[in-house]
Amino acid sequence: MPRRTAIRGNTAPGWPRRALFAIGGVLVLAVVWELYKALGPVEGVRWGQTVVLPRTSDLAMPHLWAIFQRYGQPVDSSAGSPTVLAAVARASLVSLGIAACGWAAGVVLGALLALLMVSWRLAERALLPYVILSQTVPLIALAPLVVTWGSQIHAGGFVWKQWMSVAAIAGYLAFFPISVGLLRGLRSAPVTQLELFRSFAAGWWRTLWSLRLPAAVTYLLPALRIAAAAAVVGAIVAEVSTGMQGGIGRTILAYGIASGGDPAKPWAAIIGAVVIGLVVAGAVSLIGLGLRRFRRGEESS
Amino acid sequence: STTTPTSKAGLTPVKIQLQWAVQAQFAGYVEAVKQGYYKDEGLDVTLVPAGGDIVPQTQLANGAVDYAIAWAPKALASREQGAAITDVAQIFQRSGTLQISFKDKGITSVKDLKGQTVGSWGGGNEFEPYAAMTKSGLDPATDVKVVQQGFDMNAFLDGDITAAQAMTYNELAQVLESKNPKTGKLYTLDDLNILNWSDLGFGMYQDGLWADTNKLKSDKAYQAQTVKVIAATLKGWVYARDHIDQTAADVVAAGSQLGLSHQTWQTNEVDKLIWPSPDGIGKIDSKEWAQTVDIALHTKNGSGATVISSKPDKDAYTNTYVDKALAELKKQGVDVTGEGFKPETVTLQPGGK
Amino acid sequence: MWRTVVPPVVFGVLLIAAWQAFVVGAQIKPFLLPAPSAIWQMIHQNPALIWRASLVTGGNALVGLIAGALVAVVLAGVAAAVRVVDHLSAPIVAAIAVLPIVAVAPVLYTMFGAGSQLPRQIVAGIAAFAPVFLNTLRGLRQVRPVHRELMTAYAATPWQATRAVTLPGALPYLFSGVNVAASLAVISALVAEYFGGPQTGLGSLITSAAANSGYAAAWAYVFGAIVVGLVFYLATLGLEKAVSRGGRTA
Amino acid sequence: MTDIDAVQVEQVSRVFAGGRRTVTALDDVSLSLAPGEFVSLIGPSGCGKSTLLRLIADLDAPSSGTVSVFGKTAQQARLDQDYGIAFQQAGLLPWRTVAANIALPLELHKVPASARKSRVAELLALVGLEDFASHYPDQLSGGMQQRVAIARALAEKPRLLLMDEPFGALDEMTRERMQTELVRLAAETGAAVVFVTHSIPEAVFLSDRVIVMSPRPGRITREIELGLGPAAERGERLRESTDFYAAVTAVREALHGEGAALPVGVETR
Amino acid sequence: MTDIDAVQVEQVSRVFAGGRRTVTALDDVSLSLAPGEFVSLIGPSGCGKSTLLRLIADLDAPSSGTVSVFGKTAQQARLDQDYGIAFQQAGLLPWRTVAANIALPLELHKVPASARKSRVAELLALVGLEDFASHYPDQLSGGMQQRVAIARALAEKPRLLLMDEPFGALDEMTRERMQTELVRLAAETGAAVVFVTHSIPEAVFLSDRVIVMSPRPGRITREIELGLGPAAERGERLRESTDFYAAVTAVREALHGEGAALPVGVETR
């Protein structure tokens, strides 16, 4: 008998408390970092030949305040050079935009695949293993192919741009969680409800729209979030792979090249990359708010 | 296709594929754009930056760009895979690849590398040290520990790599822009032992300008355009030779993400790889070419393969176009040999700022 | 068995046949797209090299996967038990989930030394951590009230309750995390080779070959990577079957 | 009966060819239902009650034999929406409000919004849930959910209602109230009903006729015609009447084979 | 009664302080149970039956009043493992075999392996599942699962059995068989039983005493002492006897307040 246990008190802390805890977590990490840097050996803790705890030199672990100071200073000595913060923010926005395109492309491709697999069992059996294996193909091998074949496309006035290659690669990473998650979600509609729709003589599309898709929302949302993170990672890797300028991936690399004399600089860019990842994941969570009514009964914590 | 679309102001659009991000390594091209030399020839040139996995010569062969800058050995390997490309101007006359180590390691000859951790970029940039080691009786697979070298020099600075690969114009500067934790001052050349592959006789042709072989054969307009591209480019390099500081500033302005002192150093060092060019900048020397081919034929890389398996055909390079361009420039009174070139002494700032 | 093996095999064969036909029919140059036959030839020529490199990369991925998964499980256990830890770790876990390899790998080589395999293993471990942590935490939270009350009724100690109910119940979740983590660990270990470490793995071979337009060779090494990924995937599936016999969670 | 039969099941068998062995869920079952007639199917677990219902609803097809509904094929009847169906679980869509759940079949069949609205209001009143129109299913008790499912089944005024243990999840009191309601509703709308249940008193209380089935292979073993008076008059009193107990005893005996209890350890499913 | 009471509930209240409003689940409830006595709790949904049972089991604590079990506090009784408990859902661990599920409490209380083995064999025989020892729960029917849960509750030969609607999920026939078994088991082991149910016939069939409760606030409204003869002799015949029907009617009336049916639309939970 489906007795509801929903009466349980809502023990999850509210928004402000959660945010406080999150800040606390970051602070704890910061303290651990600085403590280890202060107390750990410069050469790192070794176990036999390998370093098992990191080196504490400024090169390996710059002071956190050095990183934050670096944000306020100009990128380089040339006239009119923007601050690192401005440069990282601009590069992050570029990557964010590309990742968003890649994410959208991945969502469309992943959804199409999921629909194909859900409507045709044989397709699922034949395709699913390859969907999984597709993710073990390294981007190093893929990037040149994407760039090469992309440049062959000239349809009308359309010209394949470099950022499109980056977005395509981001999409390649993003489609995977979508196709797997959505497939599960579309299959999650209970048999009784599917039969109900059959008893209403509802067609395949109606059933998809009114039943399968709403039922898939709880699976789709985490998939969208994972796909967003994957798209960001994909965009950043692909920027480096394809040599695209202006994004945060390229910035990380460029600042990394300078790290020998300016160790805080690459960290400033890395933090930028993590922030876009979090922003994108957070933005996708907002989609979840819009779809709240499809998530009734989902556990809050 | 033979139809060359015209862009704004009747200029012909041309794309040149760089090997890397915009930096002073490509100063001549940057200046040819900046000083309007391409425009004077009726060309609207776009410099296309590359990244880790983009192979410039492949981009050229599949028509994504009109010209590409490439290292000869890698370009020859691509030719064996069917890429129809031709070296039409060999800008860098000397190889700029070094193997550097700290003085206290005592590595003064190739033989001293035995048993050491040797850095390598892989990806076709490793043939010079491999050839040198093989010649000296070292087996790169067993006698040294080859470690992948990343984009930064931290592994070298931390001592994880004893002898690191370095371009005179880039990674060497990265080291010299770093502080020696023991002294708190920047490292200097006195702290380093340097093996210079070019001086040791293992140099292979590096940055050259490559064009599409088939179009060179059949497309008159492309032939004429190639001469123009080369002429303007060489003029850019002349400017870079004569205005080192301005060039460095222009490179930074063109979007290089490294600092000014680094780009000044880089301009100066790149100039050294070009000037003086007694035969005229861009000329391919058949003896040097033969050395490149010879090393490419006989040196095995980490996976046991040689760069190329047979001698390249005669389309691999030609001086036809560079000769025309040089003649043109000489008529304009441009100094294309740089006999009197004197490198400057550049002071690097911490972090290359 | 028949139904699960035949369709993917047939699809794979068709795919490869179409690829071969395209390359041969349209006379695609090898530097644009290598033919499957050419790739196969490269595999055939150099099986020992691919095998050795696969062992290196696969070994790093395995160490990373095991370490990352262990840390994730332990931390998930603590987070499930102590709410404060859960809330404190939330932003850090979220950040780890979006850390790009390109950003962390160079830093790790600087922190742990570029001459060893450890940074690669850490990269693989970081990649494996997030999915295992998040799934396991969900699994640990999913203990059915009946089971929890049963343990109270039996006056079971917390450790007994954990062992008898919480851990076994969380296993399927843990494994669905491990399944995702497996292929992530492989790809991450491989990409990390790009930024440092001994040049003995598949990643080094792939870049090296690709830079010389040796795409047939590059794809022969990619084939090695795919096989390693497949082995990991099947191994985690098999492990799941072996450990969680007895069927579904409630 | 002058009308066409509401349901006509003729010599129907249904064999499931499972992995290792085949299961004969129904073996040569025949059954007919007059319009407006209320028939209950009762029998031990696995005797094929649900299977029979699903064949009538064209959610499954017989291995042999024919099923016709109002003189058409079961499939045509389904496409014409001649029946309403309710399952053991309410099967409401959790993301739709009560009103939207009831409106679902109307929406699917493109009934205009205004007509839909008034019909939903009618149905809400019928099942006594006017105040809950904009609640979501998880805000309702099990009994209320079941009433929503029943309202949904009635939405298109079907001439035939198929119900598979719709009250299984309810507590005894709610269940008895729902039974009273159902009898009233069926009488009011004149619908024929096929009602699957495990409960003997429920079957007796509701039906004009109880059909007793036995498993392996699924067969109809007895049909018991009941004469407990017109639907409208059934109520609490009936449940305590001697007639009622007599009928319950009769069905129990038909079901258990005259008191021959099975030994423990032999499962009937 | 010369013995100490098996259960002694004295003036117990339980108030849940929920988000917006407080719910008085039990209000001043007193109850005592002699050793070996079989008592059923019956009442509409939400009247506090489960809450009362959980207080006795020390799975929850009263807001006021005291609960003692065999003269000790409920907590002490729980720690001493004086009771066995079975919930509405069987609550078996899906990753343990039938035998391992039954052995669970013995394992947790460090009964040596050999003793455990023989006790499990005994229990399997008791519930007629000897052949299913190494099956997993998902390979069993609902009724078989419930029997495993009961065997588990009996594993440590408790002097008190607490059962919360253990037969709710079973079909009528299996349910009746399980009832017969339970009466026999309780009589054989001499255990006192507190049995929660929604089914009037079930309460009547099983119990020495039926306790009727009413909701909001949860109170005991009636206790009905039954004299249907010794446990061992109850069987199919009893269910059809006039005494049985009379008792069922008596409980029904106690429960429904003499035929005063509630209007549809007012939920009792």
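Each chain carries a letter (A, B, C, D and E) given by its place in the written order, and its residues are counted from 1.
Definition applied: contacts are C-beta pairs under 8 Å (C-beta built on N, C-alpha and C of every residue); 3 or more make two chains touch, one makes a residue touch a chain.
Which protein is which chain? UniProt says A = ABC transporter permease; C = ABC transmembrane type-1 domain-containing protein; D, E = ABC transporter ATP-binding protein.
Note that the structure is a prediction, hence the values are computed from the model and not measured.
Shared contacts of subunit A (ABC transporter permease) and subunit E, meaning chains that touch the two of them, come down to C, D. Among the remaining chains, those touching subunit C as well as subunit D are A, E.
Across all inter-chain contacts, the pair with the most C-beta pairs is A-C.
On a Cα centroid basis, the chain most remote from subunit D in this structure is B. With centres set at the average Cα position, the gap from subunit B to subunit C is 38 Å.
Annotation: 31 Å between the Cα-based centres of subunit D and subunit E. One finds 17 Å separating the Cα centroids of subunit A (ABC transporter permease) and subunit C. Look at where the CA atoms of subunit A (ABC transporter permease) average out and do the same for subunit D: the two points lie 50 Å apart. Shared contact sites, meaning residues of subunit C that touch two or more other chains, fall at 32, 106, 110, 113, 194, 207, 210, 215. Contact of a single residue of subunit A (ABC transporter permease) with at least two other chains is seen at positions 1, 3, 55, 59-60, 139-140, 144, 148, 240, 253, 256, 259. In subunit D, the residues touching two or more other chains are 141, 171. Across the complex, subunit A (ABC transporter permease) is touched by residues 3-4, 7-8, 10-12, 15, 32-33, 84, 87-92, 94-95, 97-104, 106-107, 110-113, 116, 118, 141, 145, 183-184, 186-187, 190-191, 194, 203, 206-207, 210, 215, 218-219, 222, 225-226, 228-230, 233 of subunit C.
On the subunit D side of its complex with subunit A (ABC transporter permease), the touching residues are 54, 57-59, 78-79, 81, 83, 85, 87, 89, 91, 93-95, 104-105, 107-109, 136-138, 141-142, 169, 171. Against subunit C, in their complex, subunit B makes its touches with residues 52-53, 55, 57-58, 61-62, 74, 77-78, 81-83, 117, 120, 122-125, 145-152, 154-155, 158, 160-161, 301-305, 307. Considering their complex, residues 5, 13, 17-18, 21-26, 28-29, 44, 49-52, 54-55, 59-61, 122, 125-130, 132-133, 135-141, 144-145, 148-149, 226, 229, 232-233, 236-237, 240, 249, 252-253, 256, 259, 266-267, 269-270, 273-274, 276-278, 280-281, 299, 301 of subunit A (ABC transporter permease) touch subunit C. Those residues of subunit E lying in contact with subunit D across their complex are 44-45, 127-131, 141, 143-144, 171-174, 177, 180-181, 198-200, 235-237, 239-240, 245, 249, 252, 255-256, 259, 261-265, 267-269.
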